[in-house]
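Have a look at this one.
Labels A, B, C and D are assigned to the chains in the order they are written; within every chain, residues are numbered from 1.
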Amino acid sequence: MIRLVPNHALKIVRSAPVVFTFDGQSVEGHAGENLAGALLRAGRLHLRNAPANGGPRGAFCCMGLCQECTVRIDGQVVEACRTEVTQGLAVERAG
Amino acid sequence: MSDRFDIIVVGGGPSGARAALAASAQGLNVALIDEQSAIGGQVWRAKNASILSAPKTHETRAGDALRRDVLASDITHIEGARVWQIETGWTLHVLRKDVSSELTCKSLVLATGAREYVQPVPGWTTSGVLGLAGATALFKQSLTPPGKRTIVSGTGPLVFFVASEIRRLGGEVAAVVTPNSRRDWMRALPSMLGRPALLMRGAIWVADLMLAGVPIYWQRVVTDVSGDDQVRGVSIAKLDQNWARTSEDIMLAADSLCLGNGLIPNIEAAHMLGVPIRHDHALGGWIPETTEDGGTSIDRLYLCGDGTGIRGAEAAAHQGTLTGLCAAADLGHGTVNLQKQAKAKWLKSARFGMTMTALSIPRVGQAQLTTPETIVCRCENVTRATIEAELNAGAQSSNAIKSGSRAGMGPCGGKFCATAIAQLIAQQSGAPVANIPPATPRPPLRPVPLSIAAGSFDYDALPIPKPAPL
Amino acid sequence: MIRLVPNHALKIVRSAPVVFTFDGQSVEGHAGENLAGALLRAGRLHLRNAPANGGPRGAFCCMGLCQECTVRIDGQVVEACRTEVTQGLAVERAG
Amino acid sequence: MSDRFDIIVVGGGPSGARAALAASAQGLNVALIDEQSAIGGQVWRAKNASILSAPKTHETRAGDALRRDVLASDITHIEGARVWQIETGWTLHVLRKDVSSELTCKSLVLATGAREYVQPVPGWTTSGVLGLAGATALFKQSLTPPGKRTIVSGTGPLVFFVASEIRRLGGEVAAVVTPNSRRDWMRALPSMLGRPALLMRGAIWVADLMLAGVPIYWQRVVTDVSGDDQVRGVSIAKLDQNWARTSEDIMLAADSLCLGNGLIPNIEAAHMLGVPIRHDHALGGWIPETTEDGGTSIDRLYLCGDGTGIRGAEAAAHQGTLTGLCAAADLGHGTVNLQKQAKAKWLKSARFGMTMTALSIPRVGQAQLTTPETIVCRCENVTRATIEAELNAGAQSSNAIKSGSRAGMGPCGGKFCATAIAQLIAQQSGAPVANIPPATPRPPLRPVPLSIAAGSFDYDALPIPKPAPL
């Protein structure tokens, strides 16, 4: 069929894979990308539990404003959309 | 290098970068502070380092041109840095790599851009729901679609751009849902005819979706998102002309949802510094009062770009040039001719941008989509019922709601609930939203780690300008 | 509906009208255009009669090759696609 | 000014004009003779003087660029002039405003372009049936659609371009009918991916028709045209892979029909001058033998552009540059480097062009669309039955048919029946069409009034080159 918008998925060349963990499970990302993108591609959307009812939350504004994608690394709470994936990084669900 | 500059520009989107370039070209010592690691703002956000190569798009080309210009200039570009406090005079407290430093300047230009309004509906906090503009940020930096099968819902042209980008990145669009009617677009058409290239881009997005058999639900809205720890289904309903629901819901299956209701200016920094604000639906809601060339009632404080009203990237760039020239002229550098040119270009592109903004102006039915159980403040998990209880107990301002219910007090600083809370107050009190200003912003403007080291800028760590082209 | 190809018909500015005759009937054209275009727009397609059976013929190749659009002016046979319209020109069907 | 030139180029399309420009840039005294009043050929034909203003298209921009280049050069552009006889050596007899003059040159470049093959079917002589390429000539010069409601039928991309142009000019397209299948296009796709801009243009033509609800009849053909003095209805039928009819006809209402079956090179001038010809379906049929840089077996005679094989406008332009450089080099001017560059560009664009040409290669069923009563030679009104009677009486060549039946003897010089007649001979004799060369062309190459005045060129009447830009 006529596609006016080409499919570029196969034309994207990504950097070497790196492996990190999310809540103890291995996840593959690419060196230099942010955690939010790598976790999303791996289907890991539930990144933190909300206060009060513990509801599952994940990346929302993707701009470093909403604080919904925060995760815990080395005990510190950081925004997954502003944190770079590195080999061996241990990421925990926050909140 | 010193920590004192003639002009500091905050925000590296098209407006801030052009302001910095214009002032720098007049011979001034300019610093450009931006949160991201590369110039471009949200609209021309650069790809992250994991993307080794990818086909170029309109956005990458525009962003690359801007990045090239900044790199070739004498601007001190301070990337990955967040301004969390500003003292009049001007001293800026800037957080970069966990170290906070102070930078000073004679004149300050704020080009803080826009964020997104997302109307709260039941289930909108479910993982897999992304902001519509948020999705574009994700696409631009990660080239990753939001899921395998996505529903895209929102107002204005952005909903079609996002759907088109999902298809470009290999994702599937389950449906497009837009409160706008075909008639809304027909009415916008005359103002768009002067920009045939932009009109053509939009026509191609829509035509591609139609040819791919993607259903486009016009004059419809998302009413509910279902799914436990991830989106499974999205309910939609038909709207009348005032965007009030007129039909039963139907449910569509999807694993992700991009949801947005137009952009709103980021005014917190200007508001905090004492610039008067006013409400204008046609410009995205609350905007700071500025002169046409970016001046404010505060000496040597200038504002430009979507943070002064949503007019789109092209207008923002021209406005940035104008404001940069004006700031430079006030410091004794520059000529009037260039300002005239920039102003003419700005006004022309602003007309187009405002036609697009008009498609997202909220209508009375929109606020009714929130149920009593719907979470309004995401950070603190505060429902509409809790906020209404505060209202019934006598709270009548955003500030009062905040101290009473904690709504708007979370780490996002109220950025994603202020508009909805104002709507609730308006509904309760019968006053127009224009009478309900947002809560006064307090520092920090951005989240700051509990213990931050004080330090001074390590300029050696900044990228070294190289001659253009890249 | 979405039109990817714009309608330019109303954006075309043509020169002043001129009136000529085809087989004695008035036809309006525009100064500087060719006869074939003016006659076509006026719905006058039958420009000559073929030899032998006298079949009706009209503009075909529009490039000055096929000789199907020939008409008679001042007794001379000329190609309508290569002849300019002028005020008062008297054109006759050929063949 | 003298009537003697270093090089004369015949044909002001993209190939001839580029050849003239390349040779002129090497310092040679070049004349460019063209039938039309403005440079551009059929593909970039200029608007006539009645169009005071109109929106620009891809074609007008390309043509304007070429016209500007020629105007800024030292080329003597002889417009509105027809070459009707050529004597080896070289002397050209040129007819301009009813006066015939002689021009001489050291080297001759023929860039005679292409015409169209239209497969004869019952009723194809009805007024209101235009050639498909003919329609584009009409559009480009007059900006007039061919009727109120037009059926567009033909092979390759041209059928979609013509349909799209009719819509652009405010006409209605009743249907698109193309012998090509969707699968034909899928097979062409890999070769098209290297030219995304051209691919996108084609996609937009087709998508626009689909969105407008215009039926596209794939793998179908026009079998009959009805109407007394104007088209009223068009019958179409389904084809198999060999383009043989497989279904009953259905009839569509329309007042006009654009009909074409691919382009064929104009080889008459080269053929008449003794250049050997060969048959190549992939290049549009009979082509003159040339070297890659346009040389022939005849000293100082060069050929370029679609007249040497159908490769499209872009390839023709590069080939023109290459041939112009080669002709100049043979006269002692020029360098090899430029030739290498032009050759590389030519070969790249020729690949794309030949993929498009391949979509129009006739298949065995096509010739069966002509009935015994169908007129084959339009000029002399000769039917297929009359030609077959000649064949049965022993005629075995195009020349024999011509002298026996007058088919091909009319004012068009056999240009629009030669291919169909060769098919009939092939069918009768069982020989491939490659064994049935066209009748030897005789002067005049173009119709010449019975009494023409002999004169010499009035150069003062030629447009005077002005400095670019226009």
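Here, a residue touches a chain if its C-beta (ideal position, glycine included) is under 8 Å from a C-beta of that chain, and two chains touch if they have at least 3 such contacts.
What you see is a predicted model; the values in this text were computed from it and never measured.
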Pair joined by more contacting C-beta pairs (A-D or A-B): A-B
Label of the chain whose CA centroid is most distant from the centroid of chain A: C
Averaged-CA centre spacing for the pair chain C and chain B, given as whole angstrom: 58
Cα-centroid distance, chain C relative to chain D, in whole angstrom: 21
Set of chain A residues in contact with two or more other chains: 2-4, 6
Residue list for chain B, restricted to those that touch at least two other chains: 204, 207-208, 210-211
Interchain contacts, given as pairs of chains that touch: A-B, A-D, B-C, B-D, C-D
In the complex with chain D, residue positions of chain A that touch it: 2-4, 6
Partner chain D, residues of chain C touching it in the complex: 1-15, 29-34, 36-37, 40-41, 45-47, 50-53, 55-68, 70, 76, 81, 84-85
Residue ranges of chain B in contact with chain C within the complex: 196, 200, 203-204, 206-207, 210
Chain B residues touching chain D - in the complex, by the definition given at the top: 204, 207-208, 210-211
Of chain B, residues touching chain A in the complex: 35, 42, 48-55, 115-116, 125-131, 133-135, 137-138, 141-144, 146-147, 164, 167-170, 204-205, 207-208, 211-212, 228-230, 375, 378-381, 410-412, 415-416, 446-447, 449
